[in-house]
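First chain written, first letter: the chains are A, B, C and D, and each begins at residue 1.
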Amino acid sequence: MTPEPLNREQMAWRAAQDLREGDYVNLGIGIPTLAASYVPPGREVIFHSENGILGMGPKPAPGKEDPYMVDAGKNLTTLVAGGCFVHHADAFLMIRGGHLDVSLLGAFEVSETGDLANWTTEDPAFPPGVGGAMDLAVGARAIRVIMEHTSKKGEPRILKACTYPLTAAGCVKRIYTNLAVIDVTPQGLIVLELIPGMTLEKLQELTEPRLQLSPDWKVLAPPAAPKARAA
Amino acid sequence: MIDKQVKTTAEAVAGVRDGSTVLVAGFGAVGVADNLLEALHEQGARELTIVANNSGNGDYGLARLISSGRVRKVICSFPRSGDYSAFLNAYRAKSLELELLPQGTISERMRCHAAGLGGFFSPVSAGTKLGEGKETREIDGRLHVFEKPLKGDVALIKANKADRWGNLSYIKSARNFNPVMAMAADLTVVEVDQMVELGEMDPEAVVTPSIFVDRVVVVGASA
Amino acid sequence: MIDKQVKTTAEAVAGVRDGSTVLVAGFGAVGVADNLLEALHEQGARELTIVANNSGNGDYGLARLISSGRVRKVICSFPRSGDYSAFLNAYRAKSLELELLPQGTISERMRCHAAGLGGFFSPVSAGTKLGEGKETREIDGRLHVFEKPLKGDVALIKANKADRWGNLSYIKSARNFNPVMAMAADLTVVEVDQMVELGEMDPEAVVTPSIFVDRVVVVGASA
Amino acid sequence: MTPEPLNREQMAWRAAQDLREGDYVNLGIGIPTLAASYVPPGREVIFHSENGILGMGPKPAPGKEDPYMVDAGKNLTTLVAGGCFVHHADAFLMIRGGHLDVSLLGAFEVSETGDLANWTTEDPAFPPGVGGAMDLAVGARAIRVIMEHTSKKGEPRILKACTYPLTAAGCVKRIYTNLAVIDVTPQGLIVLELIPGMTLEKLQELTEPRLQLSPDWKVLAPPAAPKARAA
């Protein structure tokens, strides 16, 4: 049996389980944004958006859209009770100054020492864009990445050294992929969880640097269809 | 009696010179002074350097300035946002220069100028392609790059309410770059949805104090 | 459920270690967390470095910490304010060290730490006795000194209202150093006049967002 | 007849006449603070206090005192309509960033090149205090000084070089004394106004560096008892 990789919702669900009560968290554009919907019920996590929202809520319910409320991806969003607005310099003071507990980012590549490449593929046909990626990769107390384990061609995206230009060096502490959960440690990459049917050997084939299996490793088995929080 | 209100957007942008650096507030399409950008297009200034988060949308505002060839350079963090075809065409035609900066570096460099400082060391972009060519320094074991203050000749600001002194308030996430850019230009021009009486704004909740504002024009409500 | 409120000022200052740097907000006697200072006196931490604008008044709060010999060093801009006899006695007895800094340099150095920056160049104090020994650099024809970030282990904050997340608002000029110091410490402890329900504070008018606050204690109203 | 020097109120009155409609002004502790009361009626000038008030008003009327409203000298004050509150870092951003039109300061000494000494006399019995003096001397667009022309012993306080430690070098542009109004220019000290009975020669005896009389000089004759604005 070929192991069934997690889908986007399941990856977001898994990352959301690690957010603790009271954490201040910035979610990057893409899969990380989905994580907001999968925080366990009753657990209060406060989401930050770099365009000046602290206490960002879910997508607006139909009919409740407010054009003055957009998230970092320019999608419509909401504010929860206890949220507030700040200007851009203060929003990035929060990011750069280490005030966020967690920054959950997408990535093109991560190296075995936690180097992150997530801002440009150097496509000559399009201008590069960096947005808040470099600020986020430098500032939060914990930088975690959600990414597909391999490229569409099946090539490893967890590498000995990134091939794309770096966003920041040595910043990533944990990687959630569609196959595993991996910690980046001074001792190297430690596999904490594997999807059902996955083995360290199979995962190693899809990963460039050497992986070590944690003695406490667990099976990574999110719900088949994680239940999203209501708006 | 102090009265910073002017009657038209044309008066608001009068005097912007060719070669000016123009701070264009907003994030995506939210909190952008599109009416002032249109007036600046009419006004005709050329060879502009634009500082913004994005690069304009559709065929109006900043995008129109770009497609009309008025822009020499764009300093921004994320040009690829919305329908940025005006920028993309100019970029591919090499008719304008792009300087890409991290979003927090743009806002902090403007705040640095506003605060009368000579520059700062930041860990952001240190050791990356965007930090190349910048002075570096290791501080507390961490690599930093030196960032210089960034100043506008003009700032184009979108606010919700203003009084005749120029105190400003904003709506929700339309605040974004506006308060920082309002502080960082020689001439700060604001379009607002409405004027209120002096003293009507809560003194605890003024976001941009009047000292940073030069001209205000009412354009009515829009996001 | 997040609830940063603690029941007593003793709980609020629990864990402050000997040798800590304590940011003490306020300007003169306005906006000072005197109840937390009293609790810190009870708590007993010694060898403290105090960062404040002034040096305490009368025989309470910061003055009492000083007269009890708990303070090793005061970093401030203006020790001679009100009845500062507790400080003056210790100063003359050379039992504490005074580091005098310009008022705007103190606040900016704390903001610099809060913003995650490695330091900045400032024209203030360049070429003066207070700038001696600091790295200098000429920027745009003007002499600057290099200023490092200033961080607190603890900040003692006085606010008016808080909610259970720790969002804060202040009253009039009692705001002063409070929002800056609240951002610049590892542990930010707040005494407030009253708690309000989450969502009751205007999201446009929160002055200190909850992210900067660790503990809140209600002490009732005072200036 | 010995010329009658101006009193404190008259000096403050004179300085206030130079404040223009719409100016943002910081007033130092002491005589400068008095200037707020002598702005000509109908002229709107906006006063800044470094402890976070923009739009500071006069002293409170009896019974209207508010303990939350103090000025830079910790005296009770008021807020005018249009005023607002900011925190300390923003208050000093306004000062340092050149946003104030005028900073009106007291001084111990001013040099012929505009060096200012106003923060310490190095009295060994007392700790020094600098407050916002150095910030104010560096930041405003125009730095003006109000001071007695000589010390109590009759010694000049306008000097070739300051004897007390500097607040900032070359910052002072205009000096209001109890005897004259003097501009500090690249060509030296230019006397713009003299009190009745005062001559350039007499003033020169009380001044160390060389003075030049402006061809357009005027008599400096404030009202005998300038009328203060009502609270």
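As a working rule, contacts are C-beta pairs under 8 Å (C-beta built on N, C-alpha and C of every residue); 3 or more make two chains touch, one makes a residue touch a chain.
As the structure is a prediction and not an experimental result, all values here were calculated from the model.
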Chain located farthest away, centre of subunit D as origin (C-alpha): A
Averaged-CA centre spacing for the pair subunit D and subunit C, given as whole angstrom: 30
Length of the line joining the C-alpha centres of subunit B and subunit C, rounded to whole Å: 33
Whole-Å gap between the CA centroids of subunit A and subunit D: 57
Of all residues in subunit D, the ones touching two or more other chains: 79, 85-86, 92, 95-96, 138-139
Per-residue overlap in subunit C, given as positions that touch at least 2 other chains: 108, 111, 115-117, 122-123, 170-172, 203-204, 207
All touching chain pairs, where touch follows the definition stated at the start: A-B, A-C, B-C, B-D, C-D
Of subunit C, residues touching subunit A in the complex: 1-2, 111, 113-117, 163-165, 167, 183, 198-199, 201, 203-204, 206, 209-212
Subunit B-facing residues of subunit C, complex: 108, 112, 115-123, 137, 139-140, 142, 144, 169-172, 202-205, 207
Of all residues in subunit C, those that touch subunit D in their complex: 27-30, 55, 77-82, 87-88, 91-92, 98, 100-105, 107-108, 110-111, 122-125, 127-130, 170-180, 207, 223
Complex contact set, residues of subunit A against subunit C: 21-22, 24, 44, 46, 48, 54-55, 79, 81-86, 89-90, 92-100, 138-139
Parts of subunit D lying in touch with subunit C, wherever the complex brings them together: 49-53, 66-70, 74, 79, 85-89, 91-92, 95-96, 120, 125-135, 138-139, 165-169
